[in-house]
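For reference, chains read A, B, C, D, E and F in written order, and residue numbers begin at 1 within each chain.
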Amino acid sequence: MFAHNKRLQYTVRVSGPNPGLANLMLEQFGGPQGELAAAMRYFTQAVAEDDPGRKDMLFDIATEELSHLEVIGNIVVMLNKGAKGKLAEGVEEEGEMYRSITGAGNDSHITQVLYGAGAPLTNSAGLPWRAEYIDTIGEPTADLRSNIAAEARAKIVYERLINLTEDPGVKEALGFLMTREIAHQKSFEKALYSISPNFPPGKLPGRPEFSSVYFNMSKGIGDERGPWNQGEKWEFVADPDQAQAVDGGTGEASVDLPTTDATMVENLAARTASNPSTDPLTGAELGMGVSPEGLEELALEGAGGGTTSSPPSRKR
Amino acid sequence: MFAHNKRLQYTVRVSGPNPGLANLMLEQFGGPQGELAAAMRYFTQAVAEDDPGRKDMLFDIATEELSHLEVIGNIVVMLNKGAKGKLAEGVEEEGEMYRSITGAGNDSHITQVLYGAGAPLTNSAGLPWRAEYIDTIGEPTADLRSNIAAEARAKIVYERLINLTEDPGVKEALGFLMTREIAHQKSFEKALYSISPNFPPGKLPGRPEFSSVYFNMSKGIGDERGPWNQGEKWEFVADPDQAQAVDGGTGEASVDLPTTDATMVENLAARTASNPSTDPLTGAELGMGVSPEGLEELALEGAGGGTTSSPPSRKR
Amino acid sequence: MFAHNKRLQYTVRVSGPNPGLANLMLEQFGGPQGELAAAMRYFTQAVAEDDPGRKDMLFDIATEELSHLEVIGNIVVMLNKGAKGKLAEGVEEEGEMYRSITGAGNDSHITQVLYGAGAPLTNSAGLPWRAEYIDTIGEPTADLRSNIAAEARAKIVYERLINLTEDPGVKEALGFLMTREIAHQKSFEKALYSISPNFPPGKLPGRPEFSSVYFNMSKGIGDERGPWNQGEKWEFVADPDQAQAVDGGTGEASVDLPTTDATMVENLAARTASNPSTDPLTGAELGMGVSPEGLEELALEGAGGGTTSSPPSRKR
Amino acid sequence: MFAHNKRLQYTVRVSGPNPGLANLMLEQFGGPQGELAAAMRYFTQAVAEDDPGRKDMLFDIATEELSHLEVIGNIVVMLNKGAKGKLAEGVEEEGEMYRSITGAGNDSHITQVLYGAGAPLTNSAGLPWRAEYIDTIGEPTADLRSNIAAEARAKIVYERLINLTEDPGVKEALGFLMTREIAHQKSFEKALYSISPNFPPGKLPGRPEFSSVYFNMSKGIGDERGPWNQGEKWEFVADPDQAQAVDGGTGEASVDLPTTDATMVENLAARTASNPSTDPLTGAELGMGVSPEGLEELALEGAGGGTTSSPPSRKR
Amino acid sequence: MFAHNKRLQYTVRVSGPNPGLANLMLEQFGGPQGELAAAMRYFTQAVAEDDPGRKDMLFDIATEELSHLEVIGNIVVMLNKGAKGKLAEGVEEEGEMYRSITGAGNDSHITQVLYGAGAPLTNSAGLPWRAEYIDTIGEPTADLRSNIAAEARAKIVYERLINLTEDPGVKEALGFLMTREIAHQKSFEKALYSISPNFPPGKLPGRPEFSSVYFNMSKGIGDERGPWNQGEKWEFVADPDQAQAVDGGTGEASVDLPTTDATMVENLAARTASNPSTDPLTGAELGMGVSPEGLEELALEGAGGGTTSSPPSRKR
Amino acid sequence: MFAHNKRLQYTVRVSGPNPGLANLMLEQFGGPQGELAAAMRYFTQAVAEDDPGRKDMLFDIATEELSHLEVIGNIVVMLNKGAKGKLAEGVEEEGEMYRSITGAGNDSHITQVLYGAGAPLTNSAGLPWRAEYIDTIGEPTADLRSNIAAEARAKIVYERLINLTEDPGVKEALGFLMTREIAHQKSFEKALYSISPNFPPGKLPGRPEFSSVYFNMSKGIGDERGPWNQGEKWEFVADPDQAQAVDGGTGEASVDLPTTDATMVENLAARTASNPSTDPLTGAELGMGVSPEGLEELALEGAGGGTTSSPPSRKR
């Protein structure tokens, strides 16, 4: 069960109103790398987790992320407070109001017109939060890696916001939030490596003949080698052509169909065949504005078919 | 530039039609952990990458994932081929067609009615693919961790599909695809650890006073310790109350507003205040079907206000 | 700031595994009327709220809804626990596993294959939660009405789930959750009617000539009167034709364009005009498989234009 | 059945081209509180409604909202008409065109490049309309409350747009549209209170022991009382700790599993346990760039485990 | 199977950094008419196609569109390269960074803060790509028409981007990409008209009595005739009232219900009836701030019911 | 302005309740090819259209599609009516209710639990309608082609639903709706070919050297020729390698960067370089459970670097 205290985890001191900056901050409120995504990621994992240590850790961190959501939300609200009052009371001159709402050069207009300068769960482009941001699949050796990556991403977005912010109070709070992502990443790393073995993830082993092969599918200028495809641990297949049908088969797809199914498939194919040996008149040709005489000619040509020349060689 | 050969990377041999199974396979065609997500994740990173080794590796793997998308797509198409013919030709008895389309016990009806038993870019519940599945942010120490996690997740979903499949040809192809995720994860791990240092990600350091603290935000039965929160590398804060306003401030949010802004905010607050010292009649009370006499009484009581008793003690 | 205790607000006692039922329960976990929607609705309002009474109430209820999210999530997890173990360990016979995963007759396959029988933030059809479910706009007389409606909807969905459930422990917990929605609705009603006046919402008054008119836009059998359109408070406009251009104008849209803009618009119109006085040959006619001779005829007819007869009268 | 007349319900007179303003207007064309949402909300309720009075009212209002959709769409089109011509004819100097398309300071660029300065069904941030905006659940005492709230929200968004607009013709038409939301809200209120009783919504009564309790889940500075949680109608639970397991149980979740299920769950837990009594070397530590010697040391330390000190006390 | 060569299909030469322009280009990278949509549209059709000619053509064009995706992606990356370096290294003065990120007047802030100035799969408003953009249904006479239309749309969006661009290298590459859409449209037209007949699409014929009727559902000023509704091929129904119940029935919907079902429906209707013969007091009236005395009066009036006057005639 | 008459355009006679069939019908109510998509497609085009003939036609057809939306919605409601009563009144035995709600074998559970057996704007998989389904871009030669394609698709989905339906009244109404799509397609074809020329769409001509080239990007077994790539109108490029850098350039992407930008890009590259000449120890290797001694060895090997053997030849 959750409880709440109206004191924040980190004091928020904002120097002055700035709806444009408020809008950028939404990235970490309702954006894909933001605090709601983090809180819900860990909370839902915690609820489903059976390992007592991980379950407790996930609840600890989920709860802290909810508290961070509150901190970043308060930053947004403070930056927007002036705009909220003026818009609701409608006291500025009309042109002034319009200019202030579109003049931030970003999507703060949506935040203000639609959301009343509140704290909506959107990213900085106004896209509402969606649970697609959570990539949990219910297997700890995968989910902990996902969590590690998520913390790394969140750290970077905070870093960028700090680089963009002039307000010292905002900078300071963002610095706290950024740092906590580092600490969380460390906890998730410890939890992952406390599972032994943790690679490959899951229970089924890979097929040995394919687990250390590297297919050089992209050729040409810029081909490089490195530890990701060289060394005795790797079998390097230089030519992608060799990667066709690596099972040694034909590389074709087939299915055994019951006779009636096969007949229906054939009927469908016959009914919808594109006849390759004609050159039909098309809507595009009609659309080029050919005259009636030209049309007849085109139509005859189309009916005649077969007159198409052999493909010309490339002349470049 | 891409080129294509109509031979598959792995031969697909399907034993017989099975639209219900086809539908489950969509999870790795157009689902969040599927091959389109993988291909586009690495392709877009490759396009934006400046490091020559990573750029080449990302193009190699992106191209292979596109080829896997083709393999899994062919599995879907083969499993659906019988259904496609019958639906298009409309030859079965009506009741039979309806039963076969809904009888698989999953969402194969959407695949068949809307998509004509083709290979749509949806997950197994019919949700169209969306780029929210890609969590790239343009910083390699974060993106490589995201890629590592993505490969781990994809490996697990293939493992589950293998557990569910009886068709030996499908099982074999899935085994190939699953194994390749393991190989890719190994490449991304090598690329990540070739960046030194790679932790913490990005350029800005964390604030030292917060980067090794663990806040025990979830208390009660089930509290556990482990390497993620114990040992000399951690400062453990046992009581979440101590986590309030860790900056030493009041834990409140504030903003310095220009006078006119402040006035507007006050006006707005006054206009929309919920008066706590009254007990107004509400729509819910109207909705309980109180009689006119009762209404009057309620209204007077509401007007009188202040009569509310002190909060009763909890009687449990 | 939030804190958490691993004891639930309501004890969850589930009689036995039932993945199909688990799936239905997701409606109130990650569905539009579910507990995450409720918690985030009130939490984001609380963060942005300036009225001290409402702010406190919104935090109280948001926190309780988070605790309810945990209760319903635990119901899902308990109902799925057996399926989770079997799927991850892959021990059942293959056919059996497939049948159990699709046999529930609903979308439990997605919950199990993709989410590993965990507690994903989706509705019962597998649609991930999205912040579009929150309709907060930052004006209390509107938002409180939205909250009242949201509680009413959540109450009903719980009622339906109770009707569908046989498991007594699940029924009991759902009964608790349903009841709390009633209590919350009562609180929001009190808070709304503590604002006086609260209708019409906002600051701008309506235009009196339009605020009590009822336009009878749908005519024919089934026209009804009731307090929503009759009585001395209403002006009833019986014929929708009278509702055209109620301002007394022409009912047309116009804009004053600078000359150059107007010229461009005219050029565009001329370039893309559909000439009404011809009967062109179309792609559809080509597609009907007309012979070349027929084509010529059609083309000439099209060129001739103007030969089209007067519209025939309707012969029914 | 619907019929249409090309005269608008309200004459639209726009002073001059203004693509930036056009974009803001989209909020009420294809936004969540806009006219399509309103029309479809009432139309779909009307189709499913069995009560003759409500069915007729819902069709009346749905039809009017469609007519409003047409009015606001014409405002958008008139404001965009100049831009449409110039963009399609490509006659401005290139730099000029680019500046005009991005200079509005909002998302008008998407409206123009993608939608050709037409009237797309998006909100002002370019997010396409989605039926998630409609919260109908098919129970009139809930749906009418949802409708009341929807009208209140729409009224407010119109109020904000009026505050932002300088064009007198646009202001006037917006004033008409805003006023109609007031009238519709009144109709829905009458229809709701014509159902008696209408609270609590639905058929199942709440559990009396929980329907008048208020849990004070958020404590600390700012705790407030008001009619929403005080008075003789409420039982006030001051301490959230008392809200744990209000059923008197343990507050834990349990399920009775068949033996084989239980075994599988245990196997899964054992296979994926995070061992709390070790301090493993992690990827993050590798990533900090520790030297080989350091690595060995770390590895030994990790293997040794158990050396972790007792948690240090919090030093603040 | 796909292979890749790191040489582009078209050389990309960009004059200088321009994040605002980069953002507009995203329209054809991850937008609805962009290259990913094209590539995936044709690729998924190719996988499911049985006609050998069409299958080959679809793979040819899908592969080329992937190569175009790479070209437009490189344009985006080159335009963003300067911004990427500055943002990641955080070297500009803070205010400068903020201004450059919001000063483009479009959504380039989202591209930079969230995506690190990379090449995300979004449209120019930051909306992530979604497979809803692909309208394939698995019937070639429909899908080829969809492809023809898709190529036409893509051609137009390129045309607009060319009109907006000053950079000659970007213009040139866009010109290439635009032209290829023309060539592809021509191929799809040929493939469509190689199916004979191809209209009406599918197998079932239409009902002859309805296939050449034109219902004039929109009346009033602006009624026009043209080849789409006049000529001997059309039966023109001038008055929409004649279009009601064109089957000659009552125009009502009915279902034969089993007795128990019918009873339940009646019970539901009775329980939730809105009584038309009363004038209940409503929440809106409460919200207008009526005094207790007024309330009583209103309540009595409501209870009295039936006193409502006959609807007043429209007085305008 | 719209008006409504409660008589349907086509009488709906349903034989009996069938929630599973109701669910399939949703495909044409709120699905991508359904009637709302059609109505809104033409309505929004009509609002923005300047050509008087097309504007009138678009309003005519939009209005008819709205009327079709009503017809298909009534089919859904009639098929669901029995379920609605039973669910709301909760009178069936619990197990029976659960079985009936999940036993249809499709997503009818979502329709019933969440939407109360009403007529929600979703497709048959429960995905809410979204305006992404509308591909209008504001250029008539493109939009009319999109409309033609949309009508073709809708015709096919109706054909499939007819094939699946046993209820004669439903079949008959679907036959009407299907036929009207044919008639509408014919009208749009006439309107398109009344614009002359209409190909290529838009104003800018293509670059002649690329507008008739066909690149054979997919090679191997199954290469086919047909009118889409052969004949004197086409230049056929047989080898995709010839398609690299068709402009004759290097096929590389470049941008001229100011010096400071270039420096930042270089700094970023240096800071995040993946060093190709080492073989670092990775998290995956840690995760394989190597012993401390092994770790040291691995670490030394990693530090030593350069020892990696030459890539082994492919041994298959």
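Note that in this section a contact is a pair of C-beta atoms (placed from the backbone, for glycine too) under 8 Å apart; a residue touches a chain by one contact, two chains touch by 3 or more.
It should be emphasised that the depicted structure is a prediction, and the values quoted were computed from it without experimental measurement.
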- Identify the chains adjacent to both subunit C and subunit E in the sense defined at the top. A, B, D, F
- Message: Shared numbers divided by all numbers used: is that above or below half for subunit D and subunit E, i.e. same or different?
- Response: different
- Using C-alpha centroids, which chain lies at the maximum separation from subunit C? A
- Item | subunit A onto subunit D, rotation angle from CA fit, given as a multiple of 5 degrees | 120
- Query: Among the chains, which is located farthest from subunit F on the basis of C-alpha centroids?
  - Reply: D
- Note on the structure: Contact tally winner between A-C and A-B is A-B
- Cα centroid separation between subunit D and subunit F, in whole Å? 24
- Query: So, what's the distance in Å between the C-alpha centres of subunit D and subunit B?
  - Reply: 18
- Chain-centre distance (mean CA atoms) for subunit E and subunit F, in whole Å, is 10
- Task: Scan subunit C for residues touching two or more other chains and write them down.
- Result: 1-9, 32-33, 53, 56, 59-60, 62-63, 67, 74, 77, 84, 88-90, 104-105, 107, 114, 116, 125-128, 130, 132, 137, 139, 141, 148, 156-157, 159, 162, 185-186, 190-194, 196, 199, 203-204, 217-218, 221-227, 229, 240-241, 243-244, 246, 251-252, 265, 268, 271, 274-276, 278-286, 302
- Could you draw the chains as nodes, link the ones that touch, and say if you get a line, ring, star, complete or other? complete
- Note on the structure: Within their complex, subunit D touches subunit A through residues 20-21, 24, 27, 31-33, 104-107, 123-127, 156-157, 159-166, 217-223, 240-241, 243-244, 251, 265, 268-269, 271-276, 278-285, 302
- subunit F residues touching subunit A - in the complex, by the definition given at the top: 141, 192-193, 196-199, 221, 224-227, 229-232, 234-238, 242, 246, 248, 252, 274-280, 283-289, 307-309, 311-312, 314-316
- Over in the complex, which subunit F residues touch subunit D? Could you list them? 1-9, 30, 36, 40, 43-45, 47-48, 56, 59-60, 62-63, 66-67, 69-70, 73-74, 77, 84, 88-90, 114-122, 128-132, 134, 136-139, 203-204, 280-283, 286, 291-292, 295-296, 299-300, 302-303
- Contacting residues of subunit F [partner subunit E, same complex]: 5, 7-17, 32-33, 52-53, 55-57, 59-64, 67, 74-75, 77-79, 81-82, 84-86, 88-89, 91, 130, 132-133, 135, 137, 139, 141-142, 145-146, 148-150, 152-153, 155-157, 159, 162, 172, 175-176, 178-180, 182-183, 185-188, 190-191, 194, 199-204, 206-207, 210-218, 222-229, 233, 240-241, 243-247, 249-258, 261-268, 271
- Message: Can you tell me which positions in subunit E touch subunit A when the two form their complex?
- Response: 1-7, 50-51, 53-54, 87, 90, 94-95, 97-98, 101-105, 107, 109-110, 112-114, 116, 125-128, 139-141, 148, 185-186, 189-196, 203
